[in-house]
């Protein structure tokens, strides 16, 4: 099936990816782990979507589910349409034609994501040979060009080097070169800078943005760092407990956060602009158990603004009044009177320092 | 910085996320029925060996010639559960009696190895420096002899009684046990909790006994079970070469006695009985050891 | 380069330590002169009278802790019953130098010695001490008149020059070197064959198992490895011999060194398999675990994300990085396999080093034992150095 | 040290080692095989040969002693008869060519008749390359072989031997009187072999070359049976050139040079030794192109190889093998149980067995019947003495006591009450503990069957009041401990010389010493007198009475607890002929014996 | 840059004064890494000093060297008037009770085989403080204080707690001996952002309550700024800049500090994303660059930087920088 998908026309402009009610469950002996539990969104060609969440929010599982890179004990349901084509029911053999060619992925830790025993050149050439059928020579030349594209000096020499001979940032560049090799239309970047130093992080994010613009490629940037997504995405999806809890264009989200979770997260991060010893807001407790998620809103047990209804009823995704592209899942969103009333109390407490160390 | 999973369920999810399917969680989280069957067998065989004289077994040395059955060896039957050997002796009771030497040697050797090897290994791993270098080299030297060759060498130079055979095998287990103890100690002594205890003022002795020992003991315990199996097999091999405890039955000796081409051809049961029991015992020990190791490994990973 | 020099230095040091330990053990625990001259039993036969240098030695009581009195003259000796304390020919002169002996009183020709073991007692036939010449010859040949360290150095000097000396036992012939030349190729062939078999079995098996990780077939194969490992090699050898040689008759039951090469290799198959199967099971388990670990590495996910096929992932990406523990254990295992070969050679009656060392050890034929232990240790060290080289070939990170 | 004097040292060491090696020769085929040795309590066969020969036999060459010859009789008189196939030539004409592959029960450690300890395998190989001075005929008489004649003086103290003219060794050295002298002196000088020679010859002038082909042997005492001793190891004549060379280079012991029908070609220890035809053999051209000897220590495997066509012939004493071989029609068996006896042997020089009550107790306690049923599988004839019932010297009145546990218990109690405090120097303990006698049972191992025997004996001995300690030793050490009297009781196999008088070497006082061939170290002047008298008696018929006295004495001294008569089987596939067509030189009417203690001859053998 | 010099050291009530600290690790017989290459700083009573830098800059090694976990190669560590480097091991053991350390991995800093409460009580047992009853009371009070249920702690092992909880337990343990100073080595970098805030707040509260002096080592500039009074920036084993935290972030004088601050992604889409402020990555500490160690990557670098190591100098208001060409003009002291 995949052949027509990669036909000359490539993927048209417009919607590249449509995800509908996607669920990914893992069978474990503790029970079913609902790692992704009903996520829907769509992504335009050439756009960058940031997926933000804490560990265990399902953000990584989401990207791998779409990509189809899941272990055998995963059960997927729902729909993933890539360029109009349903790809969720494809098996690994069929997906191989899409992997690397249509979608590719950059992983978190460049130190362990390259094969330590294979020369850089060969690793870059591999997808070229698999998908484009290039011979060794052509593949090597293309690989060298790709390395130059990701601003690696002395590209030719690098082809014959092994990963351990490169620094972390260089390796991540190589990873990007590999991901770009066959000109995919969708790139998953799964925490691409978490393992890197802050100065290098900036370089890599810049590189991904540059490649995206040059190739008119869509990017799904998975991260826990709100700062990272703020500057490098068009849209942001916030995940919590396997659910999408808020999604909006980047500017809109930061301007009009609706989800108390997003808001709390934002407030718990120390910011450079704040003076020293600024009291941080804390989110008590820990993320939900995905085997036995709480009833109602999954954030409710940790939510300072939660009321009875939140513990009883699961809030649906609703569109915000500020923008048609802004959706959130909350009964008492930021800006609602219930929220504002409680928020005043909380801010009071924080400044007076009553709340010590966020009990459970 | 990596996100740290905070709940077991998340951990499960993270483990699962890693591409290749991992060991089934069910079989790793609990010791499992298999473990208890294995332990049951070990207990059974130990009890049988201990109580052999009171079990109403046939005399292992008596020739129970039964003219009705023709010329021995007799095949397994109600009278001879495992059959008899060429000399009309009951293979079953001989196997049970043979367990005594095999088990004593197995457990004593391992105990000796644990005591000396474990202590030396822990000291070396903890103190490092020249002591470590010397001990490591000694271990290396001992390990570069094939163990059986060394065992033969020692047993041949000494009298071959129960004490020397067990002692020899115990001596041989010092190096492997010690190496593991050392490696585990090093691994743990680099953990921050040891640093923390040290900065809190704990002295070396306390660090070793309170902080390291409980952590080292667990992998060592798993190793000990495997080691008992190895020692039993080693005794068997010595006995098979005619170099184990003289004048007493052990499994290796019984197998040796049934291993001649002729007897193997005519009466395979003479060797198969003891082979079977030895096999089950070694299997049980290996299995139990492996389970224990896996069980604690998982808990380790959960930290 | 520096590293290899260090490695070689370490190897030499190791071999020295091994030889010292063996040499020391045999010279201290055993009694070389006794073993060269063979015939005599332990201290217990010292009871009686002895004659040396015109003295007679009378033992009193239990020898190791008892006392001996040197009495005058040979006339107290029974005809044909003389007991010669070999070192005793110089006993009155050298008594104080004999380890563990204490000269308590020496009045005239009457010497009472307390404690200690007198090395090298020798019972001699007939009144004339004709064997003294042999004793001296032996002392000279084996440097027994020198202190232990000197003896060791002299032995080592000969040894490294390829002269392993004569055997203690039998007729002293053939020289140890010849014996080794005769036996070594068989054991070597056996071990090489076993390791090849083990590897050839283990690698595809592990790949297959890892690719089906935790599916029923994999579980069955894991159980199989467990079963194989639990079967000691002497038991496995007997089983294989029973099934394939006796019942099915596919293989011969014994080795016949006279046959042509191919025939001999065929005869070595079952013994090699006996050694190889448990090794293969161990290798398989290791390799499978490592493969599964490797398959969980990010770079494998990366390879999948590139669209590399399952097969290529296994063969091109996962196998090589998973080989390290296998290779390490392959090296370490050489020692264990040599031990196994010892037993297996016995079952299948292959006259190799294994049977040679068992025999030699039993008669305390030290030159043979020493030679074989050294060869084995050398092989062990060599294999492990080779494995280091293989490491660097496989892993570019080590090369740096 | 300096390599210069090394060879000399080695030689001496080698010599010493042979003392231990006596053992080797003494225990013969036992070697390292478990199964091969099943039946045999420490085998002792071959050294007997070596030693016997040397013990001069006075009883006269022409004396018609008739030691039991096996081939015909063994089948008939056996209690449980075994089918015996007699290898006998058909009337077809021999065919030239072919290679005989012969499975030996062990490899010898050398093939030098003056230095090596030749046991059954060694003697069998030696038969191909060497010739003996005399040979034994089917009726047990010794006839000249390499010798043309052997004649005694009046009192049988001096024998004149004349050699056949014109015989050369394979290396071209001529066979002359000097060669015989050199061989004799080499044997006598040998520390082990010499033990059996020295006591019967004067220190000087024992053997002298009178002329080129005549040698005179001078004995200490009369020996009318002397010629028979020249039919075994002592009778082999090796090239003096080679003997000389082998003194300098010990490895030459592996490459023998004799006058025999086959010439040494190659030898790889423990694998194959190959001899090729000597076309110029003095007694006619042999039929076979070559003979190959393959040591296969596992008796079952040897039989399998024979059935599988890999071997054409083999030797064994293993009862199971014999049963298998005799059941098969395609195999010709040459059976002989007149040679050795299997027994437990008691050392009378060390307490408790210096006391006859202890020895008797042990004999009474021994489960001989069970032994013969379980260990020997009923294949061997039980023995009470060193003669089989069909031997003219057999004493029907000698019945060995056994399986009388109460009797044994009584003797043990008596002994311990009286002498329980003595020291058993072998064990280093008192002879008795709590009214039970402490003894050590020694055997050569590791061997499964020897272990079974030990267990079997132990079971009933324990019941009878003995505390038995096991001492399993490698063959060499086992024999040396025995030679030095460092044992209480052991399992052993010996006797059965073609001329039983040659067995005196095991029995006489003069054979006790630091190293004793009189293993039990039992000296009885009366017994010696009888033996000397037998040796001096030329007519076997006159010896019967003496032998019966002797067997009676042996029985009453409780030194040997006889189990059975060792049965040797030399098996050949049915395409092998002429095994027993071995004729005396120059007289085809005299057929020579074709099986003796497991050895066979090859000059008349031919293959289809 | 390269923080030689001690110009920035203050007199007065310094609880800790580190001078010319050098820590070297041998790699093999011939080469060694100087993980810390001569740094000096002091910490006043009740002050929180933050140390930031990228991986491999030597900040953790510095923390460990203060504790004498890694033996300093040279230099002095004067804590409450005593040079820790010169103490005997017994004196050091006693002195160390006054300084405590919290590690990055909260779970591995607790003994996996021991009950959590026992781990916390352990220091009291070691030093035999009070009766068993008193110890338990103190431990339970502290656990309560950091937000851990003492009953649960009494019967649970570390793996039964989350990372955040384990970090609080570690904090409780570090407090039982009533220390003067706590060195926090990346205490929150292994935690999720929401949990990170809990621990940071807790540290602030405890500091106030117990009058603690803190050294807070982290790579996250925002976190360091939040908790610190004064911040030191390290690069390749050297000190670049040290100043009060608000001042440092407002006026980063050292080009490297500037680069760091600019590289931090700001969670505000309205803040324009600038081009990466610096190219390349820190070189290996095995072969550090000559002169100022930052010069190969520095936008301000000239020939002087390549040859001469800059001295630390003041640019006013307790703001010190080790740079030949700082972004802010230094004030000249004295002359």
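Read from first to last, the chains carry the letters A, B, C, D and E; within each, the first residue is number 1.
The working rule: a residue touches a chain if its C-beta (ideal position, glycine included) is under 8 Å from a C-beta of that chain, and two chains touch if they have at least 3 such contacts.
Keep in mind the model is a prediction, meaning the values are calculated, not measured.
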TODO: Treat touching chains as neighbours and tell me the shortest step distance from chain B to chain C.
DONE: 1
TODO: Look at all chain centres (mean of CA atoms) and spot the one farthest from the centre of chain E.
DONE: D
- [ ] Consider the two chain pairs B-D and C-D; indicate the one with the greater count of contacting C-beta pairs.
- [x] C-D
Open item on the list: Can you work out the whole-Å distance between the CA centroids of chain D and chain E?
Closed with: 91
- [ ] Averaging only over C-alpha atoms, locate the centres of chain B and chain E and give their separation in whole Å.
- [x] 48
Open item on the list: With centres defined as the mean C-alpha position, give me the chain A-chain C separation in Å.
Closed with: 61
Open item on the list: If a residue has to touch 2 or more other chains to count, which residues of chain A qualify?
Closed with: 54-55, 69, 108, 224, 286-287
TODO: Could you check chain C for residues that touch two or more other chains and list them?
DONE: 253, 301, 304, 362
Open item on the list: Where in chain D do residues touch at least two different other chains?
Closed with: 298, 300-301, 304
Task: Interfacial residue positions of chain A with respect to chain E in the complex - done: 54-55, 167-170, 197-203, 205-206, 224-232, 250-251, 254, 264-266, 268-272, 274-284, 286-287, 353, 355-360
Open item on the list: Could you list, by residue number, the parts of chain D that touch chain C in their complex?
Closed with: 1, 6, 8-10, 12-21, 24, 32-33, 109-110, 115-116, 195, 250-251, 253-254, 268-272, 292, 294, 296-298, 300-301, 304-305, 310, 425-426, 428, 473-474, 476-477, 480-481, 483-484, 486, 512-515
Open item on the list: List the residues on chain B that touch chain E in their complex, please.
Closed with: 1-4, 6-7, 191-193, 195-203, 206, 210-211, 214-215, 218, 299-300, 302-303
- [ ] Spell out the residues on chain C that touch chain B in their complex, using ranges where they run on.
- [x] 13-14, 17-18, 21-22, 25-26, 29-30, 210, 213-214, 226-227, 229-235, 238-239, 241-242, 246, 253, 292, 295-296, 300-301, 304, 332, 335-340, 342-343, 346-347, 357-358, 361-362, 364, 369, 372-373, 376-377, 380-381
Task: chain B contact footprint on chain E (complex, rising order) - done: 67, 69, 93-94, 96-97, 99-101, 103-105, 107-114, 119, 122-123, 126-127, 158-159, 162-164, 170, 173-174, 177, 189-192, 195
